[in-house]
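By written order: A, B, C and D. Residues from 1 in each chain.
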Amino acid sequence: MNSPLFNIDSIRAEFPILQQQVNGHRLAFLDNAASSQRPDAVIDAVSDYYRNDHANVHRGVHHLSHRATDAYEGAREKIRAFINARSIREIVFTSGTTESINLLANSLGQTMQAGDEVIVSRMEHHSNIIPWKLLAERIGIVIKVAPINEQGELVLDELAKLFSKKTKLLAISHVSNALGTINPVADIVALAKQQDVLVLLDGAQAIPHGKVDVQAIDCDFYAFSSHKMCGPTGVGVLYARESLLENMPLFMGGGEMVIAVSFEKTIYNDLPYRFEAGTPPIAQAIGLGAAIDYLEGIGMDKIAAYEHHLLELATTALSDIEGLRIIGTAAKKAAVISFVFDDIHPHDLGTVLDHQGVAIRTGHHCANPVMDFFGVPGTARASLAFYNDAEDIEQLVKALRVAVDMFR
Amino acid sequence: MTKELMQVYQKTVLEHSRKPHHFGKLVNATHSAEGFNPLCGDKVTVHLTMNSNGTINEVSHETTGCAICMSSASMMADAIQALDSAAANALCSQVHTMLTSDSNDNPPGMPLKSLEGVRAYPSRVKCATLPWQTLLTAMMGETLTTTE
Amino acid sequence: MNSPLFNIDSIRAEFPILQQQVNGHRLAFLDNAASSQRPDAVIDAVSDYYRNDHANVHRGVHHLSHRATDAYEGAREKIRAFINARSIREIVFTSGTTESINLLANSLGQTMQAGDEVIVSRMEHHSNIIPWKLLAERIGIVIKVAPINEQGELVLDELAKLFSKKTKLLAISHVSNALGTINPVADIVALAKQQDVLVLLDGAQAIPHGKVDVQAIDCDFYAFSSHKMCGPTGVGVLYARESLLENMPLFMGGGEMVIAVSFEKTIYNDLPYRFEAGTPPIAQAIGLGAAIDYLEGIGMDKIAAYEHHLLELATTALSDIEGLRIIGTAAKKAAVISFVFDDIHPHDLGTVLDHQGVAIRTGHHCANPVMDFFGVPGTARASLAFYNDAEDIEQLVKALRVAVDMFR
Amino acid sequence: MTKELMQVYQKTVLEHSRKPHHFGKLVNATHSAEGFNPLCGDKVTVHLTMNSNGTINEVSHETTGCAICMSSASMMADAIQALDSAAANALCSQVHTMLTSDSNDNPPGMPLKSLEGVRAYPSRVKCATLPWQTLLTAMMGETLTTTE
């Protein structure tokens, strides 16, 4: 699919890491759900920042401190616009999705008591399970689990039955990293609003693959990671509705988040800084801003359409391989394909594929409850990005056939 | 020193900062508010006595801050004396616009005209606006404001 | 001080950011305590990693995931060796000093109760105050404050009196960012050990400036940030004695820190991973490893000696300026000089200096209690690094004289 | 396929993995331990009956894992049958050395000799060592081990 609108060859050329050989083969990088790769524009934005502009932010009167602060706050504004938040006051920088969710669990946890309920789903990543389990252990909240069906879709009717007067939060993934399922988040939010329940969406896997509009979805919280959307590691975002954030108890304490401190009294800073303790991931936030510029330069809609095309291509090709069973066959899917063979362990597959230059992930994908549901110890997972192409898929299929021959 | 810098630290500004007008507490203040600038630790307290129809009878400020903040507070106190709250509000927004916009057509007699030069120093603009924001806070009956 | 052992010109040449002009002047960057600058070696290590090796760590069988994991864990080993910890199990990656201290406060906090005491000092950075104040608000611990004297030194006799049966932790900075004071940490630890009290050292300002040996100091915890030691932003370290870490309650939850999860039961990972939730700051940790290689290539002892020489030079030169008062005159000091003029506000100084290419920090330096003690709203602070030179100091002095003329 | 890969997945290994020996529970086990590899989700349970002087009378394993882990567990069960605990311990460390060192002078008859090739795949070494680590854990009377 090389078209003037979406020139995959020139896109691939912008990703230096894709230009290498692995084990004497062309690299087919199909582990994007674990972490994406970065174009030159992002890598250079980080280096250029260090080479020209770095200083600590917010507290300096000198030029570098200014330039750094402007660039850092400029990135915040890019993120605001990218997800269509109302205000930069709603954009909190964190170290990643996991910290975003922990921030929320820790803060809201201070307003919860034993018996209060949090609803999650069976398809959550551990990062959206453990923070709630820790709260369950620490203060006795109760976790309710919304079931999924054999296709790996949320069962909305069953979800609806889980709400009670004690439900304080619904915490659910926008897109499942293990199954690829795209959840109907606007509908889910509407359901929760009827019950006056707050909604956190784990957007780690959604944000790299299509336009996300937090106002249209109307969620209260949205968490995501830079490293999965072509940005640097070490930074992520918690979007939080301002009216809620305004009254939320603090998470971490330190520099940046206070205005004045004595041992008797502390005056905390304004939003969003109150939730950003210490020197923030300055260069990483700026790199994330560059990633957003890059993605928007291509167009999130075009990325979504192209990836959908790749997904169909790959699904068809994989379905032809005897004994291969796809786990996660939701009607609406992102470009993630989990699969198993009854007689070949995913880990062995992974090694044989790697030998042929094909990088996939194997294991539980930090989603044990999904594995338990489907009764598998793990899966092999090919996850696609907009810089993958048809050749990557051909290489995957060819490598799988070699593996099948070997183990049968 | 460059012209730009001399623009900011011009004679009027330095004079106000060395000997600020209306400095101190106000007995019988009807409205008081504190303002902070976390960046540099500047702190302004504005005290007002407003009568029932909203006219500012008296004003004072206690400012610990840089020359820009101090002179801004001092000039502000001179300027708002005897204004009614509508006029004071209007002046606040005029000054705010002057300090943050690029336009140069501000009347020569306008308070803080001499602080116009601060626009070349974005990190210092807040020093000049802090007293005015604190004034707004005080007039609204609130007690705390910050510039971030 | 250009010698074959320490060639300042060639060192400066390795820092691209120093090669620029600011406001038409040579840049004299004297704001290193807020954040240091990076040599090419560190900037390139990060870019090279993104260009060649990036993938998510620990969970993949493919080559890139391996290379990334090896590089990331290799950085952990470099850090272990750098501070002479016993084992990599004692090295927890965090997002910075602030998060390191919050991790500890949150974890130890789960074992504390109302009335338990934490001792800090009057010279702490907000990052070593607020986490304890949050615990005071949340569970009622009591914070005791060790006093300082007019030179800005800890008063050890008074500190000794603060210990009680309820004291659970002494949390104190190794080097003060506002005053430059180097605390006698080994003596302090010995004092605390006599009382069976754990010791956290905030090493943010110590680690860039000399050899730190956690076994020789014998502290229980040591926190520091990469960005202050020529490494990337977005990563830091908590060193924790293994025997303690082994039994500490968890902080954040997510991927990486668990082995198996069901909604009924969770099996947590081994050390140090149990304390590292989510995708870690991979590229940043690797960059920190490169920074350590770079610093050790020069030699921490040589860095300390050279910086001490600069400090003496600067102290003498500044003392000549009429009306300038140095805040922080401890017998043992790192190359940080805080100063005030009675009649010139630090913020105005900062602007006038910046105009002449001299970058210093002005304000409270996130150490309000220090400012209150000395009765100043803030100070001007020149903080030196090993890539500063005598010309930087001359430029500072010259610029200060201009400012003095202007405001008097 | 390259020679390297064929070295790992050679005939013996594949046979053991398809039809593991001593697979299943053990009634009257005196020692049992579970081992996990968080990387891939491999899980090995080792059951032993040891008599009072420390000899392994019976052994079984329940393994969910890759071909390497499965065949390693199967070959291990074959090898340790009837060993006393000192000999079993010695074998554990011999195997561990073989799987992690670079030396090639391992006796041909040695158990797991056929898994030597795994050394070319550092991420897979743990798959081969997991059953042996779990065995050690079981012999020590503990119940849980992990490979990280």
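In this text, contacts are C-beta pairs under 8 Å (C-beta built on N, C-alpha and C of every residue); 3 or more make two chains touch, one makes a residue touch a chain.
Every value quoted in this text rests on a predicted model; they were computed, and no experiment measured them.
Q: Could you work out how many touching-chain steps separate chain B from chain D at minimum?
A: 2
Q: Between chain pairs C-D and A-D, which one is joined by a greater number of C-beta pairs in contact?
A: Top pair by contacting C-beta pairs is A-D.
Q: Can you give the whole-Å distance between the Cα centres of chain C and chain D?
A: The answer is 46 Å.
Q: For chain B versus chain C, what separation do you get between their C-alpha means, in angstrom?
A: 37
Q: Between chain A and chain C, tell me the centre distance in angstrom, where each centre is the average of that chain's C-alpha atoms.
A: Centres of chain A and chain C (C-alpha means) sit 31 Å apart.
Q: When you check chain A against every other chain, which residues touch at least two of them?
A: Each of 23, 59-61, 65, 258, 260, 347, 350-351, 362-363 in chain A touches at least two other chains.
Q: Using the touch definition from the top, which residues of chain D touch two or more other chains?
A: Residues 39-41, 123-124.
Q: Could you list each pair of chains that touch, in label order?
A: Here the touching pairs of chains are A-B, A-C, A-D, B-C, C-D.
Q: In the complex formed with chain A, which residues of chain B make contact?
A: 36, 38-41, 122-124, 144, 146, 148
Q: Along chain A, where are the residues that touch chain C in the complex?
A: 16-17, 20, 22-23, 27, 29, 31, 34-35, 37-38, 42-44, 46-47, 50-56, 59-65, 95-99, 101-102, 105-106, 110, 125-127, 129-131, 133-134, 138, 143, 145, 225, 227, 232-235, 250, 252-255, 257-258, 260-263, 266, 277-284, 347, 350-351, 353-354, 358-363, 366, 368-369, 372
Q: Under the definition above, what is the set of chain B residues touching chain C in their complex?
A: Listed in rising order, the residues are 1-2, 4-5, 8-9, 14, 39-43, 64-70, 121, 123-124, 127.
Q: Considering only the defined contacts, which chain A positions touch chain D in the complex?
A: Residue list for chain A touching chain D: 23, 343, 345-348, 350-352, 355, 362-364, 371, 377-378, 402, 406-407.
Q: Going by the contact rule at the top, pick out the chain A residues touching chain B in the complex.
A: Chain A residues touching chain B: 58-61, 65-66, 258-260, 267, 269-270, 273.
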